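Look at the two complexes coming up: chain A is in both, with chain B in one and chain C in the other.
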Partner chain A sequence: MSGDGLLVAVDSPVHRIPAQVKLVALFVFVLAVVSTPAAIFWAFGLYAAMLVAAVVVAKLPAPVVSRRLAVETPFIVFALLLPFVATGPRIDVLGLHLSQSGVLGAWNVLAKGTLGVIAAILLSATTAPRDLLAGLERLRLPATLVAILSFMVRYLSVVSDDLHRMRVARESRGYTGGRAGHLKAVAGGVGALFVRSFERGERVHLAMRSRGYTGRMPLLSVEGATRSQWLEGLTISLAAVAIAVAARVVAL
Partner chain B sequence: MSGPAIQVEQLVFAYPDGRQALFGVDFTVEPGERVALLGPNGAGKTTLVLHLNGILGSVAGGTGSGRIRIGGTGVHREHLTAIRRKVGLVFQDPDDQLFMPTVRDDIAFGPANLGLRGSELDDRVQEALVQVGMQDHADLAPHHLSFGQRRRVAVATVLAMRPEVLVLDEPSSNLDPAARRELADILAGLDVTLLMITHDLPYALQLCERSLLMDGGRIVADGKTRDLLGDAGLLAAHRLELPYGFNPLSVPGPERS
Partner chain C sequence: MRIGRNWIKNVGVHVPDGFFDAPTSVATGLIAAGAVGFSLQRANRELRETGPALAGLTAAFVFAVQMVNFPVGAGTSGHLLGGALAAALVGPWTAVLVMSTVLLVQGLLFADGGLTALGTNITLMGLITVLVGYFLTKALLKVMPRRAGSVVPAATVGALVSVPVAALAFTGLYAIGGAVDIPLGKLATAMVGWHILVGIGEAVITAAVLSAVVATRPDLVYAARHLRQDLVLVDADGNTSTVSPDRPIAARPAGRSLGVGIAVTLVVAGGLSLFASAHPDGLEFVGAKLGFDSAAKNSAAAGSPLADYGVHGIGNAEVSGALAGIIGVLVTIVVGLAIAKLASLRANKAS
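So, the complex of A and B:
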């Protein structure tokens, strides 16, 4: 886990949009996509075109985006199974006897999933973790949740280093074990890791109290977004809403 | 403020599990003094310093007795905020001390808790960064820094609160020689009362005129660092050892004429 999370550190107009705007934009966009009827294919084409344009404007390398799409794999497997297991009228595609509603369902999962994942990749690759936290704070997410997330961002690398050291220590002492043996060792390691992390949590709390912590985290202090920034950031999302409404009307 | 920087009288403390760590500790540190707190592992050094800002002790609900005054203010529940501003505690592991997403946020944490906002807060953060020479790394995440840099930032997080007393827990541990020397330069240049736990006896001699030797929850010796380190019998009796070839009588110390 690198320190800057998923951020692709280049300067682009998308990178410069305040995080809270991008968060709202992502949320609205995904809602619009999800509420579009699956059979209105042109709507999804438009969504995809807008996303590709945004990726290009954000100067994200295509290989990075496609690699990160791998998180979607389980859904793809599920979507590809659908045409075979769904019931209802059948159609023949390339010699395969498939369920018609299954094919549409698979398309629905694939298209909406992929669009949502690409939009999320766009957000995570153009926003530093700290800005994301500041944005969430700005959007009035409860301070406790922001604090928990911020500790996660900070200590993920510390904990994964701990885990790595424990593995090295295990293997240095000749531990091989089969697949099952490894799993067992990792399970034991996770227990030890939990205790370590818990103790670290106590020490961090001491350090926080030493510096006057009384239960309220100070704000991460970001300036609000201007009206034009909101407009710029929400362009795609608002267009997506318009498309979704149009698609709904067409489908009636 | 009037009175000694640190005044500890008859301090006794036992952890909730019944293990007694302090058996009557007495000492006084005058403003501007630099004092090393020496002693073997388990002597109660860290327990003692956690008392100085009211993290442990009867104030925090533990079992103990005794009296601590910082710059004339008693460590009482109603003064805790003031006490924690006056006593800056730097922990041993910088990963415990640096918990915010960036160096700047972390240094701002203390002053923000003191109520500073806006440009006043920014100035305070910048000042602390400059004091430890980390002004070019303000926007990095702590895990992108080297260990020595993290230790320096940990010192800065405390300096940003403008403490009257700076308390360090093993500041030179795990540092490479260059980072150890850089930290010494920074500490030597600070105008605060300093109390420093350390196993690094040459470091104690380099930075602190006076030393307290602690063992078994008591102060067993209090005197000039050079005299303490020159007393082979005393060191041996309390599991302390000088590094090979180090002669405390032959190196310069911080003594001001």
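So, the complex of A and C:
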């Protein structure tokens, strides 16, 4: 990748929406999903359908999305354990004696977690990191934090490449695999990596100072989003809010 | 580059969306935002001196190192969470910013950890591990020999304790805003038991990495900066004189930062318990609803109120139990810090 995060570099209407709109849209959407009662199944079907539509419009290849879904594996394991450990009334499913609230809870975690991850994949796959930073800046994230974030994103590949070279050097000296005796070699490399990163940070700062840096980074973005862009970007989120409200009303 | 291939191998213990109910997510979001704002203010002087590049590079370092497989013995390998290590290396406030940055990038750029759970993730992994790790390290340093090398065992204990405390905080959050009525005693035991193991791995890795840094550049280790030895100069005639090292820019009276740390932990703990009493039935909602449903199905008239009562009773007892646990841990830390403080006062008086 280098500086591109998980961006899938194609051109689509979703790619063209300004990052700040997508950030707000993602947040509103996920909040709507989280506040939907778990037992209202049709609401989650609608959310999923809208997300799939957005993924199609964004021209994201399905294998990429499904591969990136693997990130939630640990919590799938946790969710699948829930029906066995939760208390409350039991039901029999396929010959298993399960806790009813556990089954619903597992569904709750799986559905909301998966929807959240797909929505986040949609953001990260259609937005370049620097646009994301500009979006965060437009959303009034503190300037210092944006500066730290931008340096992190900018030097992530440098630091990882450092780490990779150290690993090649270490393994070519025979320190491979998981033997406990190799901890010192691995940790020594990581310690050296910290010293290198720290010193690089000092050098970068001095270079910035000598080029006139006074403690304020130049703004990343200049133009705001138009009203129609906001409307376009927030379509799914507003629909999700409407569904969440409807689900709440039904659940009462 | 490698991140594209390896990012799935990342520690992956981030809380996803929907794991906690919306009010809990909002509450932890507020705690996280407050903590980040406070840290920005506290780290302001350092950041003005060293620039945002250094914090950004430290964040990139933490992100990269979280993907390293460390062999931790018994044929297993462990991953580093890095909260306690970052705190020892760059100080608590910068470390909170660094860990928050890492979690933000993981959530937004790598879709790891839900966006509504970002506050929870920052509170657990960016705030609690860093502060517990750092203040425990500092407290232990006060009672240990005044050498830069002392920071290694001190931070090891800090790392060891910080992970189970975060797991306990997770259990406490689950008691307040979890969606399913798991018996919380069991959950707490399982979480803390498992995370003591994780904490041992964290401690081993933290010790190994920190001792590597102390061996080469002890002056870079924030927690040990005040322990640097005076420079001994010997002139041509054999006269010796000592020069004390420059005061690092971030050196502030320890008492104040300790006080602030305790205040922050108490505010966090207090905020959580307040939230618990303001919103007592987050846990009960699904359970009560289900108790009602199952009673209708089983046509056992006594089932519904009993089930409801059971959930209710267990829920409350366990909520208070989990909170008592967290508060107990915090009180232990505070008492420990107070003892260390007293000891250092006496040591100062004696010298």
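Just so we're on the same page, the second predicted complex is superposed on the first by the 241 of 252 C-alpha atoms of A that agree within 3 Å, B and C clash if a C-alpha of one lies under 4 Å from a C-alpha of the other, contacts with A are read in each partner's own complex, and residues count from 1 in each chain.
Basically, contacts are C-beta pairs under 8 Å (C-beta built on N, C-alpha and C of every residue); 3 or more make two chains touch, one makes a residue touch a chain.
Predicted model only: the values in this text are computed from it and were never measured.
In the superposed model, A:Ile148 makes contact with chain C only, not with chain B. Contact with both chain B and chain C is seen for A:Ser157 once the two complexes are overlaid on the shared chain.
Applying the stated contact rule after C-alpha superposition, one finds that A:Val204 touches each of chain B and chain C. Counted by residues of chain A touched, the larger count belongs to C, out of chain B and chain C.
In the superposition on chain A, A:Gly212 makes contact with chain B only, not with chain C. When the two structures are aligned on the shared chain, A:Arg130 is found in touch with chain B, with no touch to chain C.
Contacts of A:Ser35 after superposition on the shared chain: chain C is touched, whereas chain B is not.
Residues common to the contacts of chain A with chain B and with chain C across the two structures: 129, 150-151, 153-155, 157-158, 200, 204, 208-209, 213. Those residues of chain C whose C-beta lies close enough to touch chain A in the complex are 1-4, 7-8, 10, 12-13, 15-19, 21-22, 25, 36-37, 40, 44, 47-48, 50-61, 63-65, 68-77, 89, 97-98, 100-102, 104-105, 107-112, 114-117, 179-183, 186-187, 204-205, 208-213, 215-217, 220, 286-287, 289-291, 293-295, 298, 303, 307, 310-311, 314.
By the touch criterion stated above, chain B contacts chain A in their complex at residues 50, 53, 55, 81, 84-85, 87-89, 91, 93, 95-102, 105, 108-110, 112-114, 141-144, 157-158, 161. For chain A in complex with chain C, the touching residues are 1-2, 5-6, 23, 26-27, 30-31, 33-35, 38-39, 67-68, 70-75, 82, 85-89, 91, 100-102, 104-106, 108-109, 111-113, 115-117, 119-121, 123-124, 129, 132, 142, 144-145, 147-164, 177-184, 186-188, 190-195, 197-198, 200-202, 204-205, 208-209, 213, 215, 217.
For chain A in complex with chain B, the residues that touch the partner chain are 3-4, 129-130, 133, 150-151, 153-155, 157-158, 200, 203-204, 206-214, 218-220.
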